[in-house]
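Structures follow.
Each of the two complexes below includes chain A, the first together with chain B, the second together with chain C.
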Partner chain A sequence: MEKRYIKKDSLNGRVKKMAEAGLVYAPVKDGDNVLFQVLTPGMEPLTAYANSKNAPKNFFFPHTEKLMKYTRTEKGMAFSGELAEARDAVLFGVRPCDARSFVLLDMLFDQEKYRDPYYVARREKTTVICLACIHPPYTSCFCTSVDGGPTDAAGADILLTDLGERYLVEFLTPKGEKLEAHFAGEKAGDEADAQKQAITAQAEQEITSRIPAKEIKPILDANFEHPFWNTIHQKCLACGTCTYLCPTCHCFDISDEQKGDDGIRLRNWDSCMFPLFTLETSGHNPRPTQKERWRQRAMHKFKYYVDNFSAIACVGCGRCVMYCPVNIDIRKIVTDISKL
Partner chain B sequence: MDHELHTSEEIKTVENVEKKLREEAKLLLAEKKVDVLVGYEAGTLPMTATPCFITAPEEADRLVWNAFCVQNLAKFVQDLISLHRQSQQRVKPEARTRKVVGVVARGCTTRSLVIQLQERQFNRDDIFVVGVPCGGYVDKCKVAARVAGQEIREASLVGDQLSVKTAGEAKTLPLGEILADNCLTCRFNNPVISDLMIGSPAPAMAPESEYAGVEAHEKLSLAERWSYFEKEMAKCIRCNACRQVCPSCYCPVCFAEQSQPQWVGISEDETDTQVFQIMRLYHMVGRCVDCGSCVAVCPMGVDLRTFLKKLDKDVFELFGNRAGSSLEDLPPLSQFKEDDREDFIYDPQKAK
Partner chain C sequence: MQNPYLPIPVVVSKIITEVETKDIKTFRLEFLNKEDEANFKYLPGQFAELSLYGKGESPIGIASSPTQPGYIEFTVQKAGVVTSSLHEIEEGTHMGVRGPLGNSWPIEYLEGKNIVVVGGGFAFTTLRSLINYMIHDDNRKRFGSITVIYGARTPGLLIYKDELAEWQKRSDINLNVTVDKGDASWKGREGFVPTVCKEVAPSSENAVTVICGPPVMIRFTLPVFFDLGFSKENIVTSLEMRMKCGIGKCGRCNVGSKYVCKDGPVFTLAELDKLTKEY
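After this line comes the complex of A and B, so read on.
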């Protein structure tokens, strides 16, 4: 696919132009946080930022989503779908780890047997522009341990790599090529590949967090009842910070909200860290304490997802490491499991 | 062995408190005065200390005490005791055991313990309070602001200074400029109850300006106050970290999790978030010790403190009560007095 150079200082202008032409989500400064938001006139998209506080998964899998409406009528219940027509959109400035999360989420939401129409509609209409990490933004980044990389393009339609004075623009998919007009510039040749390779090697070397994430699956297979699980959850607050900021966590709960004869059915994010998550109608809870909940979180990411989709459900963004209120560090947990 | 003998007047620096704390912890565990000691240990990231549970004397060297120790550990005391009590229900009466939970407690932590005791969550002899003097903890957001949001790669505390390194710069910041707001104006930075005090009392902070932020907020119009509330709550992602970390939020089932009837929706609808937060705030009336844990753990930086502090100010002005300040001073909502003020109660007849 085609490769081009664009001047570094022209990028912000180009993104803003795109936002004039259509819907663009971009990382912006909101108080102390960097968040992905709809870019409106007057807003500055960030191009030299570390990473956003929230993962961009909510553009495809929103925190709350209306699935359908229902009404009680004299003839019984009447249902109507609420699949809103997805709009063409651009998701700009996604980091490679987060872009990779879309590939992982696709495995679940876009299967042959089970296809989530809500997710798929938005995913198909959205073009993902990824910003490669020429320096890993955080010391807790560990993408290279989970099949990712600082300049990886998985999940992206366009990849931008900072080459110093200019960006290398790589159009990776037909969807990406459609935005070609916004990235007019000099054609890049093979020399760009060499330069990118050097940058990649340097960035990979700067990632100092390395964990044996790919080695623990057989250990997890055999150690569901290991006493190790008694040791990690004690300080866990049972909040949802890790799961709600995680780019790959995707569990949800479905609830109905009703007024009179009319109701809506909603899908909401849920968290395996919450006691309510597995509470059954009878009052029985198969995961009665935080121990079982933590085991589930570790198992789901590093065993069950591998069983089901042959991929680890973690992209190494480091959000849960940085924002866990009690510093439960998944890097340490994975390393400890590897020694069981 | 008499613990009083170990306590010397010279233990003033925070490093010495930490050293003494480890010594005392070893003794407490060796003498089986506590079954577990809840304290802080170093975290895996710079500027981080994290709760830990020490059950054997040889583990006591993990304990740290410094300005990175943030969370109010009373939450874990309540959790441990209630879990133990639940587990004892399945044991024959003659085989039941008692569990004494020790806790490293600064002023605000002891105030939370007082509240839990007043609310009959456990007995005084179920806990062993290892009191520590507190000079306040570091507000990571304030540090981040001083280094233009760069990631802190290294941090060390020396005396009243914090030295930090980012990828590009090194800075030394006086603690006084980067302590959490609640610490800067703390009225109770020394324990209000303890079974063993480590070190000499910490010097006073600046409680006289405790309500400065609230007073500024009170001067705003109703519309402005509401729009501030709306703006702050719009940041909330309903992760429940504020509730989960709070020592006063110990209900086995929170109203927000009841489904029959469902008091509040689970969606990110702004009214649901506001209802959840308003109800949680009002459950804190006379029960918030301003430990700042909810603010510190919030991943989105929601300003909960302005609202909590307003409620605290109202309770003090109406009833003269400061939450958890002493075992004798009962919380106003836990007692009845015939001469309680009621002129603040809204009377629709009068309003007409």
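After this line comes the complex of A and C, so read on.
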């Protein structure tokens, strides 16, 4: 595996150069927010920032995407299969927690029996450049509790670690190696590993939120009907913010839109927090109140995903903690469950 | 890469209004491309997403049997956006079908056993598929005795009436059709499905019960079969949940860790006992 050093102040220019050569998504300042956006001339990619408000999953699994289109014919309708064309792209500046979310989403969308061609095509064509967290940015960060880490490379093709004066550039996959030309620099040796290890140890120490996320699985297995589930949803507004900002939430709706003789079938992000999500035509709803919906959310992340894919569907980014309008805190929920 | 979201084009070749209330119709669909027909390999108990352009998709059990080549059939009650629109279309309409989806009735497990089929109301559709599959000349000897108990609220609400009459003539099916309440012309049996099951009292010896119907019917029928000695491993049913993708990704039809669309819809009672009761 190839390792190099690049000068710290050269990174911004290198990213802009990549954007001249092809499609680059990067974190940029947008008002008060940092958002991942398509980098166009004149835009400044951020290299030192906490984390983006939106999880970058939308570049593989957009909020809204066309699945197919169709036209009205004399006999009804004829469809014309449409695969949104996936373009070669670079997703720059992803934090390790969000990069890990791609590994988790791959488990669902890239299964052997039913591969999701829309997701898989974009994923295959996109090179992920990850920016390690040498100082985990938020008190709500808890990646180390869910199998992640501030300098983890899971899901990344290239990992950049800030070593002070320079970045250590690690090319982790063949896809990452294809971008070597953009990261020309001095070859890094074993000394880089030692330095990175020290930085990692320090960064891990700075993460103060530690929750028993992996320990609660057997408790969840046995407590579907526990009175605890009556407590967490009481103040939930069912706004769905947690699921929309979550890097691993993947639920979607499929709907049709028609205008004149042309129609499209779309998929849109959906949320288990919404009453309509499971409402059946008969009026029956297997998850009739916010209690069942919250139980589903907690169970899906910390039990069902573990049952199906042997992984927790949470990366510890803390977005749901930071942006919940009524301060529901998944860290507290997990900790409380551990005490049931 | 095969795209599991794209519907297969079909033409509606026949529409049968099944009941006197006219809100249950059977749609016969023929594939517009012959190779699609060859690729659409299914077993009784599976379902598909019926696709009506501009309206959306609706998951419906396949009512025909793979022993009936040339077409597939779906019996649909008029209920929501897609099914109501389906009830408006005419023969000759082009539409889409996406599938087959889900597991199936456990055909291999059923082989060599005596089969009891219990159905209520319009939930008889995939059971009809199973019956037609089992009584086909190529398959009949693979199964033991076949007992069918099928009930509807009134004679006018029985579906597949012509087929019921055909089956009644056969000596290799013990067919018991019942209605909750008959009318002046009804000469058959009257009584609720659980009561009729008790009267028919099929032996549990080397037998499996396949049951599908409204929850209230299932609730009162299961104790009858437990009393007859059927184990939970030998009672099989099919679940329904709101679905979109049908391939275990969109996240709404799970019961515990299992997706009804992908891991079901068919489960034994023993399997359901291990799941949460969130359906």
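Keep this in mind: the second predicted complex is superposed on the first by the 336 of 340 C-alpha atoms of A that agree within 3 Å, B and C clash if a C-alpha of one lies under 4 Å from a C-alpha of the other, contacts with A are read in each partner's own complex, and residues count from 1 in each chain.
Here, a contact is a pair of C-beta atoms (placed from the backbone, for glycine too) under 8 Å apart; a residue touches a chain by one contact, two chains touch by 3 or more.
These figures come from a predicted structure and were not determined experimentally.
Annotation for the three-chain superposition on chain A: chain B and chain C fit side by side. Once the two structures are overlaid on chain A, chain A sits at the apex of an angle of 90° toward chain B and chain C, using CA centres and rounding to a multiple of 10.
Between chain B and chain C, more residues of chain A are touched by C. Once chain A of one complex is fitted onto chain A of the other, the partner contacts of A:Met68 are limited to chain C, with no touch recorded for chain B.
In the superposed pair of complexes, A:Tyr138 makes contact with chain B only, with no contact to chain C. Using the contact criterion defined above for the overlaid structures, shared-chain residue A:Asp253 touches chain B and also reaches chain C.
Contacts of A:Ser310 after superposition on the shared chain: neither chain B nor chain C is touched.
Superposition on the common chain places the nearest Cα atoms of chain B and chain C 7 Å from each other. The contact surfaces that chain B and chain C form on chain A in the two complexes overlap at residues 253, 255.
Partner chain B is touched in their complex by these residues of chain A: 31-33, 50, 53-54, 63-64, 135, 137-140, 234-235, 237-241, 244-245, 253, 255, 257, 266, 268, 271, 274-276, 289, 321-323, 325-329, 331-332. Interface residues of chain A, counted against chain C in their complex, comprise 67-68, 70, 72-73, 75-79, 81, 83, 108-109, 111, 113-118, 120-121, 224, 250-256, 258, 263, 265, 267, 270, 272, 277-282, 286-287, 292, 296, 299-300, 303-304, 307-308. Residue ranges of chain C in contact with chain A, taken from their complex: 1-7, 9, 11, 53-57, 79-80, 83, 89, 92-96, 240-242, 244-245, 247-257, 262, 276, 278-279.
On the side of chain B, the complex with chain A involves touching residues 43-45, 48, 50-53, 71, 75-76, 83, 141, 144-145, 149, 151, 153, 167, 235, 237-241, 243-245, 257, 262, 265-269, 296-297, 299-301.
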